[in-house]
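Chain IDs A, B, C and D follow the sequence of writing; residue 1 opens each chain.
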Amino acid sequence: MLDFQSILNTISKVAKEQSDKGSVANYIPELSNIDPNKFGIALLDKNGSLYQAGDSNESFSVQSITKVLLLSMVFSMIGDDLWNRVGVEPSGDPFNHLSLLEMENGIPRNPLINAGAIVVSDILISKLENPKLEFLEYVQRITGDKSIDYDLKVATSEKKTGFRNYAAAYLIKSFGNLQNQVEDVLDFYFLSCSLRMSCEQLVKVFYIFMNRGNCLNNNNYLALSQVKRINAIMLTCGFYDEAGEFAFEVGLPGKSGVGGGIVALLPNKFCVATWSPGLNEKGNSKLGMLALEQLTTETGLSIF
Amino acid sequence: MLDFQSILNTISKVAKEQSDKGSVANYIPELSNIDPNKFGIALLDKNGSLYQAGDSNESFSVQSITKVLLLSMVFSMIGDDLWNRVGVEPSGDPFNHLSLLEMENGIPRNPLINAGAIVVSDILISKLENPKLEFLEYVQRITGDKSIDYDLKVATSEKKTGFRNYAAAYLIKSFGNLQNQVEDVLDFYFLSCSLRMSCEQLVKVFYIFMNRGNCLNNNNYLALSQVKRINAIMLTCGFYDEAGEFAFEVGLPGKSGVGGGIVALLPNKFCVATWSPGLNEKGNSKLGMLALEQLTTETGLSIF
Amino acid sequence: MLDFQSILNTISKVAKEQSDKGSVANYIPELSNIDPNKFGIALLDKNGSLYQAGDSNESFSVQSITKVLLLSMVFSMIGDDLWNRVGVEPSGDPFNHLSLLEMENGIPRNPLINAGAIVVSDILISKLENPKLEFLEYVQRITGDKSIDYDLKVATSEKKTGFRNYAAAYLIKSFGNLQNQVEDVLDFYFLSCSLRMSCEQLVKVFYIFMNRGNCLNNNNYLALSQVKRINAIMLTCGFYDEAGEFAFEVGLPGKSGVGGGIVALLPNKFCVATWSPGLNEKGNSKLGMLALEQLTTETGLSIF
Amino acid sequence: MLDFQSILNTISKVAKEQSDKGSVANYIPELSNIDPNKFGIALLDKNGSLYQAGDSNESFSVQSITKVLLLSMVFSMIGDDLWNRVGVEPSGDPFNHLSLLEMENGIPRNPLINAGAIVVSDILISKLENPKLEFLEYVQRITGDKSIDYDLKVATSEKKTGFRNYAAAYLIKSFGNLQNQVEDVLDFYFLSCSLRMSCEQLVKVFYIFMNRGNCLNNNNYLALSQVKRINAIMLTCGFYDEAGEFAFEVGLPGKSGVGGGIVALLPNKFCVATWSPGLNEKGNSKLGMLALEQLTTETGLSIF
């Protein structure tokens, strides 16, 4: 029997001792003020037992992790029609993100890159009456935690500086794959990325993907086949240009965000979240990557 | 001695008889209503003698031809500092225009592609107090014709549908190569492209590039070395992906626009403008290209 | 308890009834003569129980499936030094395979694309005394089947027509990432791809990847950590531009070949091989993809 | 009246005094031994008057300059059929030369990049009985100089190291745009590039392109329309990624080679050749570029 608490304690201790913690993202000005020494980790097993270490209760900006939740909401609403608007292949290429969009006629590679999440946002805006409120309630509902909220300052900060996202959105629109105004889509998209959660909250929200579509409160919000597919997309596309590396080193479906969070899961076993604001050169949390490698090495658990 | 009038008459007759006149541009809705049977040609020689045939006095939307005038104005104002913001190499690639921008860190290949003209517009906005008025006056001044004006309907139409230009502008801004707001830059850029001129007016405005920087009214607005460089850029970059083809078939510096206009010149000899709204698959006026080929074949005149 | 035999029977029956069987690969002339109506499937569970249906004992050209075996052999020999010569990221891009090599300085994206397998072949040639014989013996040894052999006619056929592989190899060599002569490397590479195996033999050879590095005969030829990493690479990179699609639809690590074979596995549970010569437009066996989707749907088994 | 001799003397003096002479090409080992302090210039006017300064009589490897001569020979033999096999557009892109070939289905952008000259070589091999001899005789004939010869050591050196050219040739062959064996085509191509000439010889061979198709000995070997087109291609494509820059700074059709030679011409006026082995970062002779800028600045002569 694995002693998760002891493993998390060790991982947290090792992480806090690392001298090279990566670099805090500075392209969203509001994110650049965070203390780079923070490190938290939380693990929730299938039975609902929760293990934590370090700054696991401190909330941070989940950023791109929200893309999995946007995907989950839209997939549960429109099903496989989604795949007419966005693909399921890894983007692979560290360069040329806009060029790939150009060559592929405005169909983003997958829903976990910015362009794909922008298309998902566009669909949600078209389908929901009050998208900002309804998406927040969806996240609160599957987590069972009404205290989760947006961070307007971060959303505003990104809106003022996210020129590349504007470029992607306008390019998609030029191909007819965006139905709403770019301003409206990005307004919702930036807000959704500004969600603040702690590691503890993150493992609770991702419990649904680990537990075959059933939340902690036992409600079923997602079909099993949809859960499997979301997990497959996380594995192949969840870590920017480092998706292969993460599958190779860690071997779990997961998603990272430039706020320094990473969440990953072993289907039917556990989900785990880490937070450390310093990023590696590919934009993933440096200590978070190391922590998850250590976790799967020490436990011998991975999907492979 | 060449009988230009007789040559233009023949060219105009041949053009009017062509059955395949290409396709009128429809990506700017306001431009798509034009009669595809129009054909005009005008030639102005160094002595100021003007020759015309067909619909040479009818004005049309000059569109990209304006990029040469934007370049001319900014070059005369800031000189070679311009080349810190934009290059002088042909873009070559029919695909991936945004991708080239990505790979080259937001420095557009040359001032005659959209991205380059957008950067030129940005500089003019920063330098001029009333850029819309001052640019119009500049064009009127070098032409000696105060009747030249913008077409607000066309500008508005492009503003509503020019998503790809928004994408390019935001991408440039993400690299720090745009100092003003995207909306302001494109507002000016779209307006500048909406200039209406006839073939007769076009040869008068391009006289300055044929005549070593001196206008028809003998005022000098451009240094000879700058004229030569603008002509070199027109030759290598003036016809989208067909620049090599135009140099090969026609052998003159020139510039085309999706409104169906083409203007070209033989330094120290003449400038010539054609107008026929139908475009070939590369976006250049189909009959205009044929007319200019015929002109250089019949006269034996080219820079080569 | 799953009745694998009955499931395979159903899958085989459904496959044989499909009217659209895809198109047999014709770029290797010798492969184009195969009967497109062939369909075989074999499944080997962890306990060594073997289930088969259709043409599961008929051997065919495994082609790219051999890349996993080349990778396995080289990885067991030189360990993580391999990753100095080849990456672990999906290639993503359907176009521009040579261009990716150019941009990434001759380091192929991963060992399961042609460029990567060519580099792996180069390493084996440098390390082995008699690479052709030793690789064959390696495959025979982990399968426990000495009847497995190369198909010289197919190898020769590919050698005469595989110009794009020559292009890739020379490009890699121009970056200094190929130590042997291109002719020698491709001679070995084409021969290794010409291995003939039946579905039954394929599941026996891939048993090692399903069973934590231990072969059917219980010998251990690969460290567990290496097995996991090979499985991760198969999942993210095993199906050309359809890797994401296969992870999404099937949810198993696997590898396809243009001979129409596919082999996939669920760690610690089973491995499965299908064969149907007709390919879909991405180059993967059309009926094989459908059969594996059906298998994971009906059994509910996947890594996700 | 221009005093060419005095201008050349000044240019040569200035060049010899430059401290930064660029870097001698080292990718062809045999070329790397050349004295970087060499500088020669020769100018031949339409009347046949020859002016020289510096090391203008010393022969060097003309390398890519030979592409113009291959083009000239094949164009005079098969006319416009050539354009079914190769384009006339600048390649523009400093990266991705093989990628452009991929995207454009094996049709090289123009005959003055390596890929294009390889296709031209393929045509000559198919058309000529003894291509190596006949091409040499063609060059000797239009120059009126039987002493011009290949440098077998340089050709052999390039053959051993020109992996990227092999890659390009195989890629072209994979698209069906190469009819002969890659080895045979490159054998001829590398030999043709190894031609040795002095600046004096180069201006004599390029006299034909300056003088409307007529050689120094008055024989006509090329139609005027073909000369104009070759000049147009030189202007738009003659300087790798610096074609626009050369048109912009110098304003003459021309061609450079990595041996440090540059030849350029003003139609009906003169042709000029420079030699200085040090290259700039774009692969063009550093001092040669400066010398030609100085020449057109001081004489005021350019096609623009």
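By our rule, a contact is a pair of C-beta atoms (placed from the backbone, for glycine too) under 8 Å apart; a residue touches a chain by one contact, two chains touch by 3 or more.
All values derive from a computational prediction rather than experimental measurement.
Asks: Please identify each chain that touches chain B as well as chain C.
Replies: A, D
Asks: On the document's contact criterion, could you list the chains that touch chain A and likewise touch chain B?
Replies: none
Asks: Measure off the straight-line distance from the CA centroid of chain B to the CA centroid of chain D, and report it in whole Å.
Replies: Centre-to-centre distance between chain B and chain D: 32 Å.
Asks: Could you tell me the distance, in whole angstrom, between the mean C-alpha positions of chain A and chain D?
Replies: The separation of the two C-alpha centroids amounts to 55 Å.
Asks: Rounded to the nearest whole Å, what is the centre-to-centre distance of chain C and chain D, using the mean of the C-alpha atoms as each centre?
Replies: So the centroids are 47 Å from each other.
Asks: List, in ascending order, every residue of chain C touching at least 2 other chains.
Replies: 95, 103
Asks: For each chain, which other chains does it touch, given as pairs?
Replies: A-B, A-C, B-D, C-D
Asks: Using the touch definition up top, name the residues of chain D that touch chain B in the complex.
Replies: 87-93, 95, 100, 103, 109-110, 225, 227-229, 231-233, 235-237, 241-245, 247-248, 251, 253, 267, 297, 302-304
Asks: Write out the stretch or stretches of chain D touching chain C in their complex.
Replies: Touch residues, chain D against chain C: 95-99, 101-103, 163-164, 166-171, 173-174, 182.
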